[in-house]
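Here the chain labels run A, B, C and D in written order, and each chain numbers its own residues starting at 1.
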Amino acid sequence: MDKAALAAFLRRDFAQVADDFRVERADETGVCLRLVAQERHLRPGGTVSGPALFALADVAMYLAILSRLGPVALAVTTNCSIDFMRKPEAGRDVLAEARLLKLGRTLAVGDVLVYSEGKPEPVARAGLTYSIPPR
Amino acid sequence: MDKAALAAFLRRDFAQVADDFRVERADETGVCLRLVAQERHLRPGGTVSGPALFALADVAMYLAILSRLGPVALAVTTNCSIDFMRKPEAGRDVLAEARLLKLGRTLAVGDVLVYSEGKPEPVARAGLTYSIPPR
Amino acid sequence: MDKAALAAFLRRDFAQVADDFRVERADETGVCLRLVAQERHLRPGGTVSGPALFALADVAMYLAILSRLGPVALAVTTNCSIDFMRKPEAGRDVLAEARLLKLGRTLAVGDVLVYSEGKPEPVARAGLTYSIPPR
Amino acid sequence: MDKAALAAFLRRDFAQVADDFRVERADETGVCLRLVAQERHLRPGGTVSGPALFALADVAMYLAILSRLGPVALAVTTNCSIDFMRKPEAGRDVLAEARLLKLGRTLAVGDVLVYSEGKPEPVARAGLTYSIPPR
């Protein structure tokens, strides 16, 4: 699935959160996903909350898996280890760069770096594992 | 801080999410926090989403730290490793049992088990680390 | 498999490390495993090293899985998230309390607390996931 | 500290494990560390064990921190989340590529990819956090 196909999938199968995210890039190196920061994602001070960063990393990796497996997959997150390293910049979207490191028969593993838009230093990193149902 | 003090703290300092959570217990063994499951926490099928479980675990451990340090603290989550083990039951609240394992000068560490209300088997477990600012 | 069966399994299938460990308890609540601390497990100062604590947690959880599945299993560690919370006491063995939280068809998940013998506060905690091959 | 300084540090301060490791590269992008695979690092079948991969990742990130802070530092590992993704190749050394993502006042965070020498696909990935003592 390319960028357009992933965006269509988000709108159809994740209608509840589709407005939160925008696929910026999807190619063989992985997926870049934007969190369109809105009031409900913010903590006092205007910075994106931890749960919103977690959700962004989770969806980005999910899309990276789908981009390889196609829309039939129903992968389930089984583990996420996330490090919050810096406070996101207030008033900026955050971007997740997801990279698939293993796509096995039953497990997929990847990692994600999250940045405040336009800033070079990551605000968070995550390693994620998904269970892939038998096809 | 006891149960009432933690609930008041949530309402005052986390107004944005205070309606999502209810402190069920706070004592020397830790804190039990309920996620009052609402539409925005659910995935298709009516089960509580991963980010909502993450947020519950994060807030539960935060309150467990505050119950020991008092309301002056401004602890920041630095790491969370969460395992999603079972699908939560549709139509039920989820409860987090947070246990503080270390409260050091600069770091606090604890773990959390999350259950669908009334079910004995945990749906998720998490280990969390917080950075505690100099007092 | 009970305590004696697990000990026999360790000696036969993990001869290389069997002398490092001793099964202290194995019952429905989990497995308690001792690291018999020797020179090669120690850091300068006489405290047990991080890799030795990791190995202890990993073997303890592996035995907790075997105690339920029997000796035919060939589970493989897929993830470990470990927090090092306190320096182990010099000159003491360390003990791991492993608890199985999920034994599914393809994945097993559990957590471990590690103590210096005779001390109440844990030196480390770990969450571990194992992949279980099709039977 | 450059490659030669890190190697000298390993020999002097980590004499017990210095023969296990060889610094392959140290520059502004991070540190590459080799595990010189020996009998004691192997599992039946000749593949490098999980604890040996953990130790490799841990030492590689430690050296990446020292390369920036200098030899006075006494950083302590506080968390490691490691994913074991593929079985290492029998009879080959393994190489860790450590990358420092944050070097703060009290915490350093980085990640590591581990490869069997000459193979493009990683066998393990790890995220690690270190506590840095006040200077």
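Here is the rule we use: contacts are C-beta pairs under 8 Å (C-beta built on N, C-alpha and C of every residue); 3 or more make two chains touch, one makes a residue touch a chain.
Here the structure is a predicted model, which is why all the values come from computation and not from measurement.
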item	value
Interchain contact steps from chain A to chain D (minimum; 1 if touching)	1
Maximum centroid distance from chain D, chain identifier (CA atoms)	B
Whole-Å gap between the CA centroids of chain B and chain C	28
Separation of mean Cα positions, chain D and chain B [Å, integer]	33
Inter-chain centre distance, chain C versus chain D - centres from mean C-alpha coordinates, in Å	23
Shared interface positions of chain D, touching two or more other chains	78-79, 81, 83, 85, 129
For the chain C and chain A complex, residues of the former touching the latter	78-79, 81, 106-107, 129, 131
Chain B partner contacts - residues on chain C that touch it in the complex	81, 83, 85-86, 101-102, 104, 109, 111, 113, 121-122, 125, 127, 129
Contact set on chain C toward chain D in their complex	13, 16, 40, 42-44, 49-52, 54-55, 58, 76-85
